[in-house]
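Structures for review follow.
Note that chain A is present in both complexes that follow, paired respectively with chain B and with chain C.
Let's look at the complex of A and B:
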């Protein structure tokens, strides 16, 4: 049996990722975990973007997943790993209920509504102090795996690989064709018999679940939730910047964007402690200005000699 | 295939560069190596920026005077960016890459909550200047004998305000405080202030309040809450928010003609040029230090003069002298311990009696949960002629209160 070189390369990457803690210390693992959180968010945002819908609901679903995970641990004593999965499921359920209503909106109206949803979730949490800790938030008696960095890293890596796999599946399956058709021309897609609402709801529910899982991972690894940190706007802006910088509409783009920005962010602050955020912002602006297709898009253009990359002329990975 | 190869090469490059760049390769400290202090602050905020600079100032002063135990001090400063995950990663780096001997910092309870599991992992001597939420105290727990907290917890702050106003009312009989209104930012800081104040001030008259969205969190429109406060007609109006709220609150109070007899602000740090605004005049504030302390405290004067000379800017937040004090507390503890052994350092820190720039002589006592709590209260101050005068505690007083608040005419 002949094994495809692609599979060999992917297996090597996975093995290297699994072995990463053996040649990197706790600090590097910590950075890797932070990168993974944002990578999952960037991937999920990009998956929904493939339908043509821009969502700003990342922080809202991230926060729901985080709170669901912590509450399930505290109130029902469910083991942390299980609460992370259940947190993702709870988030998916909330998203599918919300999706029934808001997925009838399009473009700016959809984007603004998803942004508002996140804010509404945060306000609700604020106003149920007896159940969810109110403005103070909640703390867990301990962090996942009793703070064992190795196991925590592998758990995060597992979630990252699951997310990459899911995004890759969406690129390869029939769903990809439906989503691309919806994005390119919704009316034509409808005429061709594509159930637009069904596909949008599927993607919205799944991506929200991924965001909820990221929230659960975050909450369980740091041992707390607060409305301000769990529903933070950082979980909207940074993943979007990462996806744009890496290259949208591909699975590799958000992955590369998250790694590059995550590493640059840490690198800059070691050398420019009082001004790194300005430089960081400038880098994002400059890269997006000069590489509108992102890093991956620029690579494709360079390798294939294409002049364009994106909505019409994009690779089928 | 070519695409994949490029992608793999790029990922490998990033992985290798990450490992190499962040490896650092710091050697363990020998007798000729500096003693390493690792500090984490939010450097884009004035509290963190000036706090870290003041800590560096203290380190430089100590080194200029010969160091500690014949060794120089080295302060490694990292930015928490006000993000729990960044604050936690910074502690990991300080512990494992920089091999610091002591942790210090910081600011913001939510960031600290993210750092606490990592601090517990390493159990190095930790001297923390910020994080007032009792949730952070609960997360630290009663077993952490390596943890020394300088800033008062939220309930201690509330208690000190009650003591302060009771003393002021007792001393200045014309001041009347029967009806309170607290406008608070809706985050943990403001909400905690409201909840604790509601309980603490319950014996001192009617207490009412309402939340607002801080300008620091994207808000900035306070008209509704100010209008409700005006309708409530309180004797004392307090607001608990951030520095970014200070001037807009005053401008909008003026716009609607809201002139309570006592106007009190309680942000953790004020805008650097706040005192130069005519609107600031006669506003009360809570804080732990003001430049007026220089008149009565030589340590404060030394800190202030040194800070201005070194950074060419006036320290505008009490986190600056607090961080400065933290470094001196550590320095004295190392001298007493005679080594960097954590157990010896803890014992030496417990013996601290440091006359600080904040006025207080800092010692460590148990609080509700933790074993080592330093300062237990805030001070009541008032903006007068462009500077903050200390009104209470009376032992640090540099001025008498202007009462009632003169209103907005001619401002």
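Let's look at the complex of A and C:
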């Protein structure tokens, strides 16, 4: 059997990722965990973008997953790892119920509605003191694995690999054809037999579940949730910037974007406190203007010798 | 062998009656030409049958099944296929992927089998640059791709909406031959909307003339062309000459 160099490189990267805590300090590990949280969000946002729908609901689902996970731990005493998974499932259920209604909307109407819904969850939790802690949030008695950095990192890595696998499946299976067809032309998609609403609902539910899992991981590793931190706008802006920087409509794009921008953002916080948001903004503008297909798109052009990648500047013979 | 029945079909857009009480049925391997002046309701009729719009009143049946209120993707599964007057290719997919979606989503075939079948279909239509992106195809190839896309859904009734528009006379001849071949080999009933009379004359077993949404005449090409109402619709009535 022939082993392609791609698979070898991929395996080496996975092994290096698993071994990472052995040659990195606690600070580097915490950066890596942060990168993974944003990577999952960026991947899931990009998966829904393939249908042409832009969601700003990431923070909303992230928060629901975080709160569901913490509440299940506190009230029912379920083990943390299980609550993270259950938090993802709860988020998926909420998203599918919402999706039934809002997936009839398109483009900016959909985007604005998702933004508003995410905000509604924050406001509700803020104002329900007895059940979910109100404005003070909830504090867990301990963090996941009792603070064992190694296990926590591997759990995060597992979640990242799961998300990458899911996104890759979406790129290679018939779902890719359905979603791309819906993005390109809904009329053609439906007369060729694609049940548009069904596919939108499937993707919306799955991606919301991923965002919920990211929220659960975040909450369980820090041991607390508050309305302001768990529904923070950072969980909308940064993942979108990362996906754009890396290259949209691919799996590698959000992964690369999350690593690059995630590491840069740490240094920015150190050297330009409070100014780092301006730098994100500049990066997004520069990427959209000069590298519309992101880092991955630019690499494809260099490595494959293709003139172009994706939709932009397709040459006509 | 499928049969499409349209009964008393009416579509109103606000005050405008685009399709007015149309009764029409065809099937088997019949090729039926649908002609009429601009704005006669030809494309609206196709849109109603394929499920892009829903009718104001009336019924549409395919093989006896009422599809009047059925969503478009379900109609495709029952055998309604169509192409578009303004070409609608999926630009982010390759040509072969454009064709594969029909096999995959209306016939539930796997990616691998869909690819093989799509390649076979491309060969039978002389569409050999199937690995290209759609934007690299010429206009004839795009028309062929749209027909292949529709055929991939295994239609019993295929509605072609001005498929000849924008082609030169050689390309026209090639596509006419192809449509004849398709009707014969795949045993599909074809409804063809066309402005080029030569095409209708060449292809249609039966011609239906629409004017202001209603059927003005129905018969063979020769019969219809002699009909004084049809002549008046196209050239203006004698009273105004």
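Things worth noting here:
Quick note on the criterion: the second predicted complex is superposed on the first by the 284 of 317 C-alpha atoms of A that agree within 3 Å, B and C clash if a C-alpha of one lies under 4 Å from a C-alpha of the other, contacts with A are read in each partner's own complex, and residues count from 1 in each chain.
The rule is short, and it goes like this: contacts are C-beta pairs under 8 Å (C-beta built on N, C-alpha and C of every residue); 3 or more make two chains touch, one makes a residue touch a chain.
Just so it is clear, the model here is predicted, and its values are computed rather than measured.
In the superposed model, A:290 lies in contact with neither chain B nor chain C.
Once the two complexes are overlaid on the shared chain, A:252 sits against chain B while remaining clear of chain C. Within the superposed three-chain model, A:271 lies out of touch with both chain B and chain C [touch as defined at top].
Of the two partner chains placed by the overlay, only chain C lies in contact with A:185; chain B stays clear of it. Comparing chain B with chain C, the partner in contact with more residues of chain A is B. Of the two partner chains placed by the overlay, only chain B lies in contact with A:34; chain C stays clear of it.
The interface of chain A with chain B overlaps its interface with chain C at residues 315.
Of all residues in chain A, only 173-174, 177-178, 180-181, 183-185, 187-196, 249, 310-311, 314-317 touch chain C in the complex they form.
Remark: chain C residues 50-52, 71-73, 76-77, 81-82, 84, 88-93, 97, 100-102, 104-107, 111, 133, 135-136, 149-150, 152-153 touch chain A in the complex.
Chain B makes touch with chain A in their complex at residues 1-8, 10-12, 14-15, 17-19, 21-23, 43-44, 49, 52, 77-79, 81, 83-86, 88-89, 92-93, 95-97, 109-110, 113-114, 116-118, 120-121, 133-135, 138-139, 186-188, 190-192, 217-218. Taken together, the chain A residues at the contact with chain B in this complex read 5-6, 9, 12-13, 16, 20, 23-31, 33-34, 37, 126, 134-137, 139, 142-143, 147, 218, 222-224, 226-229, 232-234, 252, 256, 259-260, 263, 266-267, 269-270, 273-274, 276-277, 295-296, 299-300, 303, 315.
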